[in-house]
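The data blocks that follow each hold one structure.
What follows is a pair of complexes built around chain A, which joins chain B in one and chain C in the other.
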Partner chain A sequence: MGESIAIIVIVLLLIVGSMVFYAKIKAASIGEKKSLFQELDVIKLSQVAYGLSEVQCSFAEVSDYGCIDILKFTYLSNLINTSSGKTYFYYRELFGTSKIYLKSINNTGGVTYYELYHNKRNSTGNSSTFMPTIIYNPITVHNTFGILTVVKYD
Partner chain B sequence: MEIMGLIVIVVLLALSMFFVVIFKTTQPKKEIQKSFSDDQLASKFLITTLKTSAGCRDYTIESLIQDCATDRRISCNGVDSCEFVKNTTKVFVNETFVKYNSKYNFTIENLPTVNITFSDSCSPKNINRDLAWQPLTLYPHHGTVIVKIYICK
Partner chain C sequence: MLAKVKKGQIEIQFNWIFIFIVGVIILIFFLFVIRSQTKSADIELAGDIIKNLDTVVKSAQTTVDAEKIIAMPNVKISFICEPDTNISFYDLGNGVKKDTPYDIIFSQEKLSGYELISWTQSWDVPFRIATFQYLTTKRAQFIIVNDTGTFAEELNKSLPKGMNKLFINPNDNIVDNNYDYYKIIEFDGSKHTGDKPTKNVHKIIIHINSGQSTIDSYGTVKFDEPDVPIINFVKKASLFGAIFSEDADFYNCTMNKAFDRFEILMKLQHNRTGEIKDKLPAEMASCRNIFIVSGSDMDSLSSKKLVDAANIFEGSKKIMRANENLIRGKNCPLIY
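Take a look at the complex of A and B:
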């Protein structure tokens, strides 16, 4: 009788141990999947921001991919940050909880920042990516070296 | 006898857990974002750098490199085109790769008088993640200048 009870207890312990082990492995796997999807989210958002037709340079009505018109960029930034209603919600749906800004660098290392969108909410972590881009100023007709940075909040 | 059966079960369970742990830890971690960023970074850095008119009248870096490789007639802010290209590309490289902790090797090959190479813990012989290069013709002069960037692991 005592032997049987001991075996049952040991088997139960083994089952519980296996379940705990399985749960740990599963949790790690879900964590990996989560970070994978976060990475994909940042990539997707960076592509959206980089190819945003509202701010792309255009010559003879043909847009130039990889070039940002700084006048369009600052105008859109004002539009998003000062408007309410439809415009704001359109871009909030497009960008979600993120920060998108442009860094303009001149040949001496002088840096100017232009923020397009910022919505942090109650996020704790973030992941970011950046891409060099040409900043075109139609008034001076000059191209400047720029870096478009996208921070996606979790 | 029952004890033997239990020992066999415990050993089998331990073995299977061991294999699962080994399998999980030896799997390479997927770095989708890093790999995607590096792929994009190399080519976009080159395109942006070459098309930038970095404060020397209307000349782009591309035309300054071509001048540096041929006549060296253009002067910007008191320095010749070669020196200007070297200083400016160094600023861009610093602001892009150094600030974001990327290992890189940037070179402009076939310049007759100056050597423009910036590198951080990375050489073309190292295992590299991504390479972008752009040949620049010197027409009507002979030759081609090659601008290269490696981004290393």
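Take a look at the complex of A and C:
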């Protein structure tokens, strides 16, 4: 009887030990998956931001990839940041907790900063992507070099 | 002595009973662990698939007029879009789903197989409003019935080569190849009269508005469902949407999302046009009227919905003509 109980106790200890070990391995694998999904989210968001019809340059019906119309960009920024209804929630749902801004670099090295969207909330970390782009001004018909930055908060 | 032997026997039997009970408890415990692990592994796999599929589907949306084959595990994906609540999502079962509140995806209700065919088209009214994405599989067959004019042939040439499509005459028979889904596409006046499969057959009847010579215009579609009204389409991208959609509700729900973007883009473009008009230099003053008229057209279009397909089409043509005037040598910035 005593031996049976002792065997059962040892078996239970082994079971508990193996479950703890399995849980630790699973936690590590979930952590890896979490960072992979975060990277996928950043890539997805940067593709959405880069391909937004609202800000892309166009010549007639032909869209110009890698080019942002600065007038469209500033008007979209005003629309998002000043509206409180459907439009704001539309872009909040589209962009989530992130920051999207454009840096325009002129010939003399001067930098102008245009913010499209910013929603941080209480996040601890972030991942960023930087995409070079051409910034087109339809009034002056002038192009400058720019960087579209997408920061996704965790 | 006898009592001692009896006591020993009882003790042995009790031992065995005790071991049996404990063994069963341990076995039940392990069975429980295996069952819960299998369930959570299924959910984890579904989550992985949804996440990766979402990234791939979103990447496919960024390229216009592109046909892509997306490899996936042999799972059944259900696409839901409800026009009354505007709730839309896709799921793999197991309760794992991905919301698609702003993705404009036209699809059958259930897709299964090892490959997903993704096709994208730009919806230009007259400038790009959105990229429409159409999803199907090789297990769905689209049958275009030839008409007396050129619309059916034009449609057949426009649809992507990689999808399972068939171009037939109205009295040809449709062979049942055991596909999951058959869509018969008829134009007004060219009804299919031949034999067709008995299961999973859907039909759509397209009417292009008289006076239009191409499918890239406007008209109506009638889904082969009882008590469903005739619905409009405007431009070929939305016609393709009606063709790929499971039913009228799915098409209406997805077009509602497209019109949300339509309103925003029209307002943006209207504001941009106004600013360009205000800042035009003196030598471009001759263009000012074009911007004023186009701005007013955009303002009136921004509140229109799918029921106003005719007005939207004619309004967009006006803006397009104004833009073409600017291209033809007015030397002014373009409207779009």
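Just so we're on the same page, the second predicted complex is superposed on the first by the 143 of 154 C-alpha atoms of A that agree within 3 Å, B and C clash if a C-alpha of one lies under 4 Å from a C-alpha of the other, contacts with A are read in each partner's own complex, and residues count from 1 in each chain.
Operating definition for what follows: a residue touches a chain if its C-beta (ideal position, glycine included) is under 8 Å from a C-beta of that chain, and two chains touch if they have at least 3 such contacts.
Remember, it's a predicted structure, so these values are computed and weren't measured experimentally.
Student: If chain A is used to align the two complexes, do chain B and chain C fit next to each other or clash?
Tutor: Superposition check on chain A shows chain B and chain C fit without a clash.
Student: Looking at A:Thr129 after the superposition, I want to know if it touches chain B, chain C, both of them or none. Which is it: first, second, both, neither?
Tutor: Touch partner of A:Thr129: chain B, not chain C.
Student: In the overlaid three-chain picture, which partner chain does A:Val42 touch, first (chain B) or second (chain C), both, or neither?
Tutor: first
Student: Let me test your reading of the model: by the given contact rule, A:Asn107 touches which partner, first (chain B), second (chain C), both or neither?
Tutor: first
Student: So in the superposed three-chain picture, is A:Glu93 touching just chain B, just chain C, both, or none of them (first/second/both/neither)?
Tutor: Only chain C; A:Glu93 stays clear of chain B.
Student: Name the contact category of A:Asn119: first (chain B only), second (chain C only), both, or neither.
Tutor: Neither partner.
Student: Return first, second, both or neither, reflecting whether A:Leu76 touches chain B, chain C, both chains, or no partner chain.
Tutor: After superposing on A, A:Leu76 lies in contact with chain C but is clear of chain B.
Student: Touch test for A:Leu14: chain B only (first), chain C only (second), both, or neither?
Tutor: first
Student: Have a look at where A:Ile25 lands relative to chain B and chain C in the superposition and call it first, second, both or neither.
Tutor: A:Ile25 sits against chain B, while chain C stays out of touch.
Student: What does the superposition give for the shortest Cα distance from chain B to chain C, in Å?
Tutor: Value for chain B versus chain C, nearest C-alpha atoms: 11 Å.
Student: Need the overlap of the two footprints on chain A, from chain B and from chain C, as residue ranges.
Tutor: Residues common to the chain A contacts of chain C and of chain B are 11, 40, 43, 141, listed in rising order.
Student: Please give the residue numbers of chain C that touch chain A in the complex, ascending.
Tutor: The contact residues of chain C facing chain A are 11, 14-15, 18-19, 22, 26, 48, 51-52, 54-55, 58-59, 61-62, 64, 101-102, 122, 124, 126-131, 260-261, 264-265, 267-269, 271-272, 275-276, 279-280, 323-324, 327, 333-334, 336.
Student: Could you pull out which chain B residues touch chain A in their complex?
Tutor: These residues of chain B touch chain A: 2, 6, 9-10, 13, 17, 20, 24, 30, 32-33, 36-37, 40-41, 44-45, 47-49, 51-56, 58, 60, 84, 87-88, 91-92, 94-96, 100.
Student: Please name which positions on chain A make contact with chain B in the complex.
Tutor: That would be residues 3, 7, 10-11, 14, 17-18, 21, 25, 28, 32, 36, 39-40, 42-43, 66-67, 103, 105-109, 111, 127, 129-134, 141-147 of chain A.
Student: Tell me, which parts of chain A touch chain C in their complex?
Tutor: Per the stated touch rule, the residues are 1, 4, 8, 11, 15, 33, 37, 40, 43-44, 47-48, 50-51, 53-54, 56, 58-61, 63, 69, 71-72, 75-76, 79, 86-87, 90, 93-94, 138-139, 141.
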